[in-house]
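Here chain A shows up in two complexes: once beside chain B, once beside chain C.
== the complex of A and B ==
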């Protein structure tokens, strides 16, 4: 092992650059997925004939597929049908597709956790269904969704590492470049990279737990 | 349109990968369950140093990517003279990673049994281990089954990382079919279908169990 060589200032800077891209890609993806997830989750919750069923099938299919396959597909298979995306866009698209399905379920769970009596009360006070959802159900559901969404963001941060297969220059990819130079770099680089993920994710998990216990 | 001749002509290759994905998932499930039970017991045992070790394991492993663990076994260990095949390295990594989630599920299940029951069992003369085995665990198991089922579904999906480390699974053989046929789109549609054949029935099963066990409470 060569700890000082593996963790020279240049290498640490390179790893930090990679981690920055990991955080950036994960953040953009979670924001986009949140928007799509709210839409899909609400459509599934609202029990609109046909539409809700179609959304359910879509969400379940995506949720039951490995993310790696979706990333692979977006970058390598879509060009075959004429859709060419840059690495970053492909990575963000793939993560967004997968996370949207995950968040749709969190949104639906949040909506379902609101007592049905409230909907009946709101409807009988003269609100339309849409108004009821927007002003009564959604605000309460959103508060309950926050902890699971933070947990999902942790998964997403970890899963961003799968983008190594499309050579997205994120943390894992940059780590590979460093340890490819010298066998003695491998273990120290792994430890540092693991610690980088750990510190950020552990802090996020503490926040998620804090929020959860405050609601309970 | 999707070209089904790709599936028919390469069925053996697909099935080889499918078989290995199932193997890796089952070995991973057994491995992660064993490690998960040990870690869960460490976390709740009335011995402080064991609690710490259990907590460090769960918190550390849960918060790092599975891929790092897999690379550690596949790329890192050869650097210190231990060489593992992609399949073995990947399966060990899957077991270690999933164990952290299973340990948490088991711990939560055990702790959901009211404390008074342990106290009552102990004061009726049972030892800690007897009370655990005959009173607490049979009740906890019901609560623990659905989350473990969900972890198993994740495990099946996560086993796709074997494809990155030459682990001979569905993803890996998908790659082989794709390089033989020069087709990517259709080849991976079939890979996706093979995964769905495994995961959709599992999700439906877990969903059913969740509803049934929830009714009994």
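== the complex of A and C ==
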């Protein structure tokens, strides 16, 4: 083990560069998949003829595939049909597609958990279906969805490390380059990387706990 | 009922797929206009060579976190190629490839050539065109000093050999020592760390890379000599004879002028 060599200022900066990209990719994927997830989850919940079925098939297909396969797909298969994405865009697309499907199920579960009697009451008091969803069901469902959504975001942030297979220069990738310089660097580098992930993810958990307690 | 719904769904899927394809068809035509020019002309036109190299392989292509530059034998050879073809070693851009991504990236047009410890093999010749051999490696075994393994014949049932995914050495070792268990890792450092932590009895890959490991930890040694020929070649997209010729002529000039030996001695110490 060579702690001082492994954790020189240059190496720490290189790790920070990687971590910055990790956060960037994760943040964009989180925002996109949150929007798409809510949309897909609501569409599936609403039982619109054909549309809900199509969404169900899509969500189930993607949800039951390993993320690694989707990353391979966006990076290797899409160029075959003429869609060329940079490695960062390919990574963001893969993560967004996968996480949207996961979030869609969380959203649907949250919507389902709202008592059906309330919907009937709202409808009979003259609200349209859309109004009922927006003002009665959604606010209650979103509150219940916060904990599972945050834990999904935490796993998304960790899942970015899978993109190392297509050489996205994120945190794990840069860690690998540092310990490729010298095999004695491997353990100190792993410890620092673990700390970096932990700090950010723990902050996310704390935020989630805050949100929960505020609603209770 | 179910049938009609299912057909609706497939209908929508087919429709969106055909839209996707027609959208791509357009860009295909656009690119085919430039593809009429051969790869060498394209390089000259943009006045830059994009080379796919490893970023994580000591001695051949390793990114230096301090300077941000990639360094190694493959890098220096690539710079010489740029100097010969475009007249300036700075007219070059390096892109990171791994053993898995290099051929798809070449065929997508992300890179013009691969200079990344790539062994010339019949299998790969079906997918890409290779230059002449620019480095001659041979597969060998790395063990802890004092290990009972002295060569290929000691790899029996129950011994564990560590290798790297996507490399020819993993394929070769299965052929030469069919009874041994082969464990494949993502990269050379991880394989070497696994050897050091006792997860395997020997590590196999090209001798040039193994010497780089001995350089880091002298408790390990190479045994049994080399048992394969691993001729490294520079790969270009299939059907680009002009570019292959230009590379070969540059390599020949490097060898004649002594520049090649200079680069080789700078990186590859033992033999």
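We take it that the second predicted complex is superposed on the first by the 206 of 216 C-alpha atoms of A that agree within 3 Å, B and C clash if a C-alpha of one lies under 4 Å from a C-alpha of the other, contacts with A are read in each partner's own complex, and residues count from 1 in each chain.
The rule is short, and it goes like this: a contact is a pair of C-beta atoms (placed from the backbone, for glycine too) under 8 Å apart; a residue touches a chain by one contact, two chains touch by 3 or more.
Since the structure is predicted, the reported quantities are computational estimates derived from the model, not experimental observations.
On the superposed chain A, the two partners chain B and chain C do not both fit; they clash. Of the two partner chains placed by the overlay, only chain C lies in contact with A:82; chain B stays clear of it. By the document's definition of touching, both partners, chain B and chain C, reach A:184.
By the touch criterion defined above, A:10 reaches chain C but does not reach chain B. Touch criterion met: A:174 reaches chain C, while chain B stays clear of it. With both structures placed on the common chain, the touch criterion links A:59 to neither chain B nor chain C.
Once the two complexes are overlaid on the shared chain, A:92 sits clear of chain B and of chain C alike. In the superposition on chain A, A:68 contacts chain B only, with no contact to chain C. By the document's definition of touching, neither partner reaches A:21: not chain B, not chain C. Residue contacts after overlaying the shared chain place A:165 against chain B and chain C alike. According to the touch criterion, the shared surface of chain A, contacted by chain B in one complex and chain C in the other, consists of residues 76, 81, 164-165, 179, 183-184, 186. The touching residues of chain A, counted against chain B in their complex, run 60-61, 63-69, 72-73, 76-78, 80-81, 154, 158-162, 164-165, 172, 179, 183-184, 186-187, 190, 193-194, 197-198, 201-202, 205. Those residues of chain B lying in contact with chain A across their complex are 59-60, 62-68, 71-72, 75-76, 79-80, 153, 157-161, 163-164, 171, 178, 183-185, 187-188, 191-192, 195-196, 199-200, 203.
Of all residues in chain C, those touching chain A in their complex are 5, 8-9, 12-13, 20-21, 24-25, 27-28, 55-58, 62-66, 96-98, 100-101, 104, 108-110, 186-190, 192-193, 196, 213, 216-217.
Against chain C, in their complex, chain A makes its touches with residues 8, 10-11, 13-14, 50, 53-54, 57, 75-76, 79, 81-84, 164-167, 169, 174, 176-184, 186.
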